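We call the chains A, B, C, D, E and F, going by the order they appear; numbering starts again at 1 in every chain.
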Amino acid sequence: MTACSPETIQLLKRVPTAAITGILLKKYGLRMRAIPGIGPIDPAHCRFVGPAFTLRYVPMREDIALTVDIGNPANAMLQATQQIPAGSVFVMDMCGVGAVGGLGDVLTTRMKVRGVVGVVADGGMRDVSEIRALGMPTFCKGPAAPASPSALIPMAIQQPIGCGGVLVFPGDIIVGDEDGVAVIPAHLAAEVAQMGVDKEALDGWVRDRVAEGGDILGLYPPNEANLAKFEAWKAMQG
Amino acid sequence: MTACSPETIQLLKRVPTAAITGILLKKYGLRMRAIPGIGPIDPAHCRFVGPAFTLRYVPMREDIALTVDIGNPANAMLQATQQIPAGSVFVMDMCGVGAVGGLGDVLTTRMKVRGVVGVVADGGMRDVSEIRALGMPTFCKGPAAPASPSALIPMAIQQPIGCGGVLVFPGDIIVGDEDGVAVIPAHLAAEVAQMGVDKEALDGWVRDRVAEGGDILGLYPPNEANLAKFEAWKAMQG
Amino acid sequence: MTACSPETIQLLKRVPTAAITGILLKKYGLRMRAIPGIGPIDPAHCRFVGPAFTLRYVPMREDIALTVDIGNPANAMLQATQQIPAGSVFVMDMCGVGAVGGLGDVLTTRMKVRGVVGVVADGGMRDVSEIRALGMPTFCKGPAAPASPSALIPMAIQQPIGCGGVLVFPGDIIVGDEDGVAVIPAHLAAEVAQMGVDKEALDGWVRDRVAEGGDILGLYPPNEANLAKFEAWKAMQG
Amino acid sequence: MTACSPETIQLLKRVPTAAITGILLKKYGLRMRAIPGIGPIDPAHCRFVGPAFTLRYVPMREDIALTVDIGNPANAMLQATQQIPAGSVFVMDMCGVGAVGGLGDVLTTRMKVRGVVGVVADGGMRDVSEIRALGMPTFCKGPAAPASPSALIPMAIQQPIGCGGVLVFPGDIIVGDEDGVAVIPAHLAAEVAQMGVDKEALDGWVRDRVAEGGDILGLYPPNEANLAKFEAWKAMQG
Amino acid sequence: MTACSPETIQLLKRVPTAAITGILLKKYGLRMRAIPGIGPIDPAHCRFVGPAFTLRYVPMREDIALTVDIGNPANAMLQATQQIPAGSVFVMDMCGVGAVGGLGDVLTTRMKVRGVVGVVADGGMRDVSEIRALGMPTFCKGPAAPASPSALIPMAIQQPIGCGGVLVFPGDIIVGDEDGVAVIPAHLAAEVAQMGVDKEALDGWVRDRVAEGGDILGLYPPNEANLAKFEAWKAMQG
Amino acid sequence: MTACSPETIQLLKRVPTAAITGILLKKYGLRMRAIPGIGPIDPAHCRFVGPAFTLRYVPMREDIALTVDIGNPANAMLQATQQIPAGSVFVMDMCGVGAVGGLGDVLTTRMKVRGVVGVVADGGMRDVSEIRALGMPTFCKGPAAPASPSALIPMAIQQPIGCGGVLVFPGDIIVGDEDGVAVIPAHLAAEVAQMGVDKEALDGWVRDRVAEGGDILGLYPPNEANLAKFEAWKAMQG
C-alpha cells in the first residue's frame, strides 16, 4: 500500500470526481471507479478526500448477530473505532443491504472525534438527522432505522472489499462530491491529482467559451488551435 | 386489536424509529419492523405517530380500472375517506408499484380534514408539491404523475397488509421520522414506548460522553460503571 | 410528426403532469405516459414544456468507446449539439444505465446556449452542481461521476426511442414538473392542453370544497349537482 | 362470480395460452393476463385448466409465524385444504417471495386427493422432486427449501389477489401450458374458449402454409384470399 | 461491416463461447461480450454460428401497438422475415422485456424456411414447445404467452442495438452454445476463430493432464515446459 | 470450527434440505439458511453433503484482473485447488455476479481429482456441459461464458463469506438436493442430522396417511393420537 502525501490530498480537493473518473478511464483504462447507487445524506456537505479504512460486513445469523456485541474487543466495528487514523475515509462493504444502518449517531460521533473526514457504505445509515447535524459527509443508500445486526455482522477491518461493486483496497484514495464517490488506486493518486488540476483548468476555460456561444466541435475536446488559446490564457493568468 | 392509549402516542413522539426498531429486535426478536425503500416527500415534515388504518390495492385489469370509480360507494378508497378516524396513519399496500400515485391533492386534503396524521405507501404519490404545501407527512417511493387506476385497484380496507414487505395490521402503531417508518404491534406499543424513552435518555448521555472523547468500549453499550454514572446523572437532572 | 403550436405550449405550462396522464388514460386509453424511476436534479427548477429531440445511446464496446470522440463530426451527441432547435426538450435513451452521466457541464451549457428548455434521460448526469447552477431543468436517475463512454456510445439522433420504458417519438411534447415527466403524442397535444386547463380549474374547485369539509362522494368525481355549482362559480370568475 | 361450464373447460384444453392472451388483448383490451416470472416444476406436466381458488399470504412477523400453525382451524392454508373443490387451480399470492416454499409434498398430496388440477404461485415450492413424482402441474419461481413461515403467513382464502402482478379473482379460469399461465376473467371464459378453438385451427393452417414457403405478407395475419382458402380447407376437413 | 468467410464460420463451430470471450478479453480488451440473463429454449439444440441480422423493438403505445400490424409492409418484423439472409442469426433488442414473446411458431417457421440458424433476444418467446419441435436454436429470457404488441413495437431492422446490455452490430458474428451467446465484432472474427481452435486444443490437453492428477500450477496456464509437452503431443497427433 | 463426524455426514445424506431448514428455524430460530437464487447445473446430480471450503471474490479492477494470474502462487483460487480437502463442498462468494463463470472445466476437473463433493456459488459457471459430463454437483446462477477476471478477482480462502446473502463459515455443513442448498452451522450439524432423520420418518408416514385421504387437521402437524399411531407403526418397522 502506497501512502498518499498530504500535498496530493490537497490537490485532489480541487478536482471533481467527474474529472477523476475520466482520467482513470482514459489514462489507465480503469472503467468504473465510481460507486453507483449511493448518495450523500447532506448534499451541502458531501466533499472529502482521504485514504480508505475498510470494514467488511457479512450477512447475519440470528444466533450471532445479538451476541457479537460491539462491546466485545474482537468486534470488527469496535476495532475500527479504536484504530482508524485521522484523515481517513471509513468505507464499509454492507453487502448492498440498504434496509439497515451501518453507522448511527454514537459511532459517527466517535468517527468525528477520531478525525475521520468521510463515510461511505453500500448500505443504509441510521440517525441521519444527527449525522447531518454532526456535519460528517456520509454517502449511503439512504436512511434506515434498524441497526446493522438486523441483517449484518461486522467481520473484519482493513481487508480489500467490494463497495457497490467497486473494489476498494485499504489506502485507496476516496473522493466525494456532488457527483458521488470516486476510488483512486493509491499508487496512482499523485499522478491523477496533478492531471486533474490541469484538466479542471482546461475544462473551465472550455465551459466559458461554450457559454459565450462557441461550437462544441473544436472545443470539446479542444483542437490544437483552441489548446493554444487555452495555454495563452493560462499564461496570462499567471 | 388492542387500542393504544393517548399517553403511549405522546411518549412515542419522543422516541426515534432507530430506537424503536432496536427494542423490537432485542426485546421481542422482531427483526425488520421498518419499511424499506420509501422516503418522505418533505424531510422537514416527516414525523408522526398513530394507529394504522389500512387499504389494500390489487393489480388493475383494464375493464375494471376505469369503472371502479371512487364515486362508487363500494370503492375501498372512498370507504377509507369516509371511515378513517382522526389520529390515524393511512397505510397503503400498493403492491410495490412506484410508477403510479396512491393519493393526490384532493384525497390528501380529505385525509387532512379528517385528522389523519400521516400517510405511508409502498408506491408513488402524485401532486407532491400540493401534498408538501398541505403539510401532510407522507412516505412513499417517490413522485408519480399517473393516478392509481393506471396500474392498481383499491380492493379493501382494514385488512392485514404487507407494505414494502412488512406486515401491518390495522391498529398497529406507525411511527415516522427522518430514518423512515417503524411498525409496532399494537399490543407491544405501551411497553416499547416506555423502554424507548428510557433508551433515548441513555443514548443521549452516551453520545455526549463519546463526543467528549470517551472510548466506545465500555460506553456503547455501557458497562456497569458507566450505567451507574448515567443513573447518577439522570438523578441529578431530576 | 405534427408540430405543436406555441399556444399549445403556453397552455400546457398551466397543466400538471398528473392531469395530463389522467387525460391520456381516460380519453385516449394511453396508460403509462410518465417516465418512471427518474427525478429532477433541482426540484425547485423542474418545470418545462417542449417538443422532444431524441438521442439514442447503445451499450459501449471498449475499442469504440474511446475513439468515437465527440470531436468526430459523425458523433451523434455532437450532431445533437449542432442541430437541436430552441425550445426543445432533449430526451436521451441511456439504456437505463444510471452509473454514468449522459451530460455534464460543458454539454449542458451548450444546450442552454441553444435554447433547450429541459433535459430528460433514463440514466445519470455528471457535474450536477454546475447543472443546478446553470438552471437547466434536468430529470435523470441521479448523479454519476463517470462520463458516458464508460458504459455507453451515442448512436443516433431523432429516432423513436424508449426512455425508462416509455416510447418517445421526436416531436412528442414533453412536460416536466414536481410529479415527473409526461410524454404527449404530438398529434394529441393541442386537445390535451385544452382539456387540461379545464380539468385544472375543476380540480382546484373540488379541492377547495373538500378542504371546506365536503364529502368525497359527489365531489370527486363531481356529480351533476356539483358540476353545475362549478360551472356557476366559473361563470362568476369571468 | 360467473361459474364456468364443463364444456368451456374442455374447449380451453385445446387452446394454448399464447392464443388466449392474444384474444384477451385484441378482443377485450386486456393487455397482460399472463403471470410473468414463473415456470413449471416439470415442463412435461404443465397443462391444466380450471377455476382459481385463491390464498393470500402476507409478510411474516416472527412472533406470529411459528404460532399460526397449520394445525389451527383458523389457519388459511388449512381452510384451503378443507374447502378447495375438485377441478380447481390453487393460486397463491406469495408477495413475490421466491426464497420460501408455498407448498411441499404433504400439502400437494392433499391437493391431489381433493382433485386439484394445478398449482400457481408467485413464490417458491419445496419438496419439488416429490411434487414432480406426484404429477401435480405446478408453476412457481423455482425450488426453495425453507417452509413458508420463514417469510410469509397464510392470511385469507378466496379474496381477489395479485399473483406476479396479475389480478386473479376467485373463479377466474386459469390455464397453464409450456408458455406459462394465463388468467381469463370468469365471465369471458366461454367466449374466449370458442374464439380460441377457431383461432387455433386458423393458426395451424397458417403455420403449414408458411412451412411450405408461403410469404408472411398475406398469411400472417391472413388476407381475405387466404381466409377464403382456410375456410375451404376447414370445410373439407369436416 | 466486414463480411465473415464461410471458413471462419466453420472454424468457429469448433470453438466454445467460453474460449471466445476469453480471447476477446485477453487479446483485444473487450470485457463482456456474452449476453447475460438469457438461456436456450432447448439446451440440446443451442449451438449455432452466424452473422447478426438485428431488429430493434421500442416500448409500445396502446394506439400504435394494435395498428402496426405485421401485415403492413412498413412493419419492421415483416421486413425482417422478407430480407434476412440464409445463415443469419436473428438478434432482437426487446428492451429487456421478458413478459412478452418476440417470436412465436409462425414467425419461427418462417425464419427456418429462410435458413436462419439461430435466434437471440433479451426478452421472452411464445409457442416454445413448437419452437423446440422446429429445432430452431433460440436464446431468450424464457417462455411468455403474450405476443409482443402487449408491450413492444418492432421499430427498425439492421441498426446497431443493445441486447441484454451488449452492443450488437449487424454482421457481428454470434455464437451460441451451452454456456450462452457470445458476440464477436465482425472484423475480428477470422482471427478469433483461428486463435480459438488453437486454444481449444491446448485446453483439452491441459484438462487431460489435470484429470490425471497434474497440479494446476504450471498447467493452467501452462508454463514453458508444459507448453513444450503440448507442442510435442500436438505434433504426434498430426 | 467444530469438525463434523463422518457419521453425521452419512446421516445428513438421508435428510432433505426442506427438513433441515425447518429444524434450523423451529429448534434454533435460524430463519433463512438456504441460499436463494441459485440452481443445479444438472438436476439429476445435485445431492451432496460436506463441510464448506470457502473462496471470496472481490470486484475486478482492470489493471489487476489480468495480472492476478492463477499461475501465481499467491492467487487464492490456486491456493484453493492445492489445499481443499477431500469431502469438501467448495463455496464461492462471487458478489452475486451471474454474468461470469467462477469455475470452468479445468478447475472443476481439479476439484474432482481432489475429492470435492460439490460446488456452490452465487454467480455463474462456464463450460457447463463439461461440468455436467464430469458429474460434479454444482449450484450456481446459471451458465456464463466469460471467465471470472471479466468481473471478479479471487481474494482469499477460508474466510467467513456471504453467499447469496447467507453467511457461510469454513466448516459449516453444506447440503444440496433438488430443493437447493442448505447451510448448517458446524456445531449444530450432529443434532440437526439426528432430528432430521427422525423427522423424515414422521413426514413420510404423514404423507402416506394424507395420500390415503386423511385430513390435514390432526395429521400435519400430527396430534397426539396420530403421533402415537406413528410410534406404533415405527415400532412395527423395527
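Methods note: a residue touches a chain if its C-beta (ideal position, glycine included) is under 8 Å from a C-beta of that chain, and two chains touch if they have at least 3 such contacts.
Just so you know, these numbers come straight off a predicted model, no measurement behind them.
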Review point. Which of these, C-E, B-C or A-F, makes the same contacts as A-B in over half of the contact pairs?
Key: B-C
Review point. Just curious, how far off is chain F from chain B if you go by their C-alpha centres, in Å?
Key: 39
Review point. If you average the CA atoms of chain B and of chain E, how many Å lie between those two points?
Key: 49
Revision key, fill the gap. Here the gap between chain E and chain F, centre to centre from mean Cα coordinates and rounded to Å, is 32
Review point. Which residue numbers or ranges of chain A touch two or more of the other chains?
Key: 29, 31, 62
Check your understanding: Which of line, ring, star, complete and other names the graph you get from chains that touch?
Key -> other
Review point. Of all possible chain pairs, which ones touch?
Key: A-B, A-C, A-F, B-C, B-D, C-E, D-E, D-F, E-F
Revision key, fill the gap. Per the touch rule above, chain B residues touching chain D in the complex are 28-31, 33, 58-64, 95-96, 153, 155-156, 159-162, 165-167, 185
Point to revise | Of chain D, residues touching chain F in the complex | key: 62, 66, 69-71, 73, 78, 81-82, 98-99, 101, 104-107, 109-110, 112-113, 126-130, 142-147, 149-151
Practice item. Note which residues of chain C are touching chain B in the complex, please. Key: 16-18, 20-22, 25-26, 31-34, 36-37, 39, 177-182, 203, 206-207, 210-211, 213, 215-218, 220-221, 223
